[in-house]
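This report concerns only the one structure given below.
As written, the chains take the letters A, B and C, and residue 1 is the first residue of each chain.
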Amino acid sequence: MNPILILDYAGIAVFAATGALAASRKQLDIIGFLFFAAFTGVGGGTVRDLILDVPVFWVVNHDYLMICLVTAVLVYFTAHLFESRFKLLLWLDAIGLGAYCVFGAWKALEATGSPVIAVVMGVITASFGGILRDQLAGEPCILLRPEIYITAALAGAATYTGLHLAGLPVMAAAIPAALVAFAIRGGAMKFGWS
Amino acid sequence: MNPILILDYAGIAVFAATGALAASRKQLDIIGFLFFAAFTGVGGGTVRDLILDVPVFWVVNHDYLMICLVTAVLVYFTAHLFESRFKLLLWLDAIGLGAYCVFGAWKALEATGSPVIAVVMGVITASFGGILRDQLAGEPCILLRPEIYITAALAGAATYTGLHLAGLPVMAAAIPAALVAFAIRGGAMKFGWS
Amino acid sequence: MNPILILDYAGIAVFAATGALAASRKQLDIIGFLFFAAFTGVGGGTVRDLILDVPVFWVVNHDYLMICLVTAVLVYFTAHLFESRFKLLLWLDAIGLGAYCVFGAWKALEATGSPVIAVVMGVITASFGGILRDQLAGEPCILLRPEIYITAALAGAATYTGLHLAGLPVMAAAIPAALVAFAIRGGAMKFGWS
């Protein structure tokens, strides 16, 4: 397996978990959990693939939907154990942001060779799942929260693109880039950066 | 004409009518009716076709836009006759749900041969028109209502896919499947299932 | 340069400015300005290109993203100078509407040859950027405001399509059509037409 796919699977799983947590906050049934998990998990990547005009990833490979399904069921049976589901949602979202801004940049760079499009697609991949989740759940959009969000995705996607174009192999560029994005988003939440 | 297209035309017309009723509730002008009717009528199928990477159906065949246009005009001149436009909207939406989850599953099964994608596309086709309508109208998303919604679409799409793969011809699988979805959604509304 | 591209660049720039003004009203940071500007500036055209199944314009030509970037920075440093940012937003939106309904109609007519699709795509191109902006910003959708909006886009797109099919060259049809749309939308705002 291409090791960069680890970021993809991780991004899907944690975004799916945030979707399921949103369903939990809305007291939906198990099918509602599944729908929100799938929508949030694959939403950003779907928009990315449509814009890049490549086959939509989860139509080609059903593993992704299975990840969302399993995640939704796990969250359904465990969500009540967490004291603050919203806080958990935000931290998982930060991990997904880190994984997915890098994976989106990688995929766009492979598909187009353009660093500009790589950075833009990193941001789109990382942010659209959460945007769709918040829109559907009728919650204020995560973009409007005072803490840094898009900036973190932009930094991660730009770090990956810069390091890879500077000659680093994919994973050597991807891991620090994902950590940069997570650290910025996490720091913003933890210390109230804005 | 392919008889399965009856479900497609029916789904379009009733979803278009729900869009026009949403416009009526917002006291929009005739163009607003038309816009909401078209958006709701063809929205789910547009997302389906983009994801399946097949030509968007209403770009290829203008009949669909004509159906939305006629429906919008009819609703414009008759909406005031109904005591509860919201109740009517919900019942029409249930009919559209039944027709469209089956049609979406049929089209996806023809295009990809995958039963998983067939079921997912049935749900997407049946739900996205209503989701877009509610988002645009600034109403709480239909997915968040306590009654069963996605479950009904899932049951209808899965019934069609299962019956057809079990060897039944298209229409023999489609009609009971559409009735299953409508019965579940209608029962949920009528008897308050949740 | 194809002279019709002037309408495209103008549409992008003024829609991007309205997105940046929405970010300003939400007191976002510079990255938030950039994101809203890009989203609003290229959103309508992206939906148009996906539905027409042509390459998404800003993936092919990075100038468009650069226009959004420059516009966002300009608005970031000047927005406080305007007494009413919302009024400015609405007037810029009216200019964007005029430019973009005609450009969308032109592009769809070139791609499909169908006058029906040309008019529909004119409306989609002109309205979706603003719809996405309002959804993201959590503001009531511009379609639900009492003043004429979709009607103006429809009139502009239909005027262009009619004049061009009647034999006028592209720019001779485009300029009056854009003015028609702007005049209808502007008149509706100025004189409270509804």
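Keep in mind that, in the parts below, a contact is a pair of C-beta atoms (placed from the backbone, for glycine too) under 8 Å apart; a residue touches a chain by one contact, two chains touch by 3 or more.
None of the values given here were measured: they were computed from a predicted structure.
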Arrangement of touching chains [line / ring / star / complete / other]: complete
Same or different contact residues where chain C meets its copy chain B, judged by the half mark: different
Rounded Å distance, chain B centre to chain C centre (Cα mean): 29
Touching two or more other chains - residue numbers and ranges from chain B: 50, 135
In the complex with chain A, residue positions of chain C that touch it: 26, 28-29, 31-32, 34-35, 38, 46, 50, 55-56, 59, 62, 65, 135-138
Residue numbers on chain C that touch chain B, as the complex places them: 50-53, 112, 114, 116-117, 120, 123, 127, 131, 135, 140-141, 143-144, 148, 150-151, 154, 194
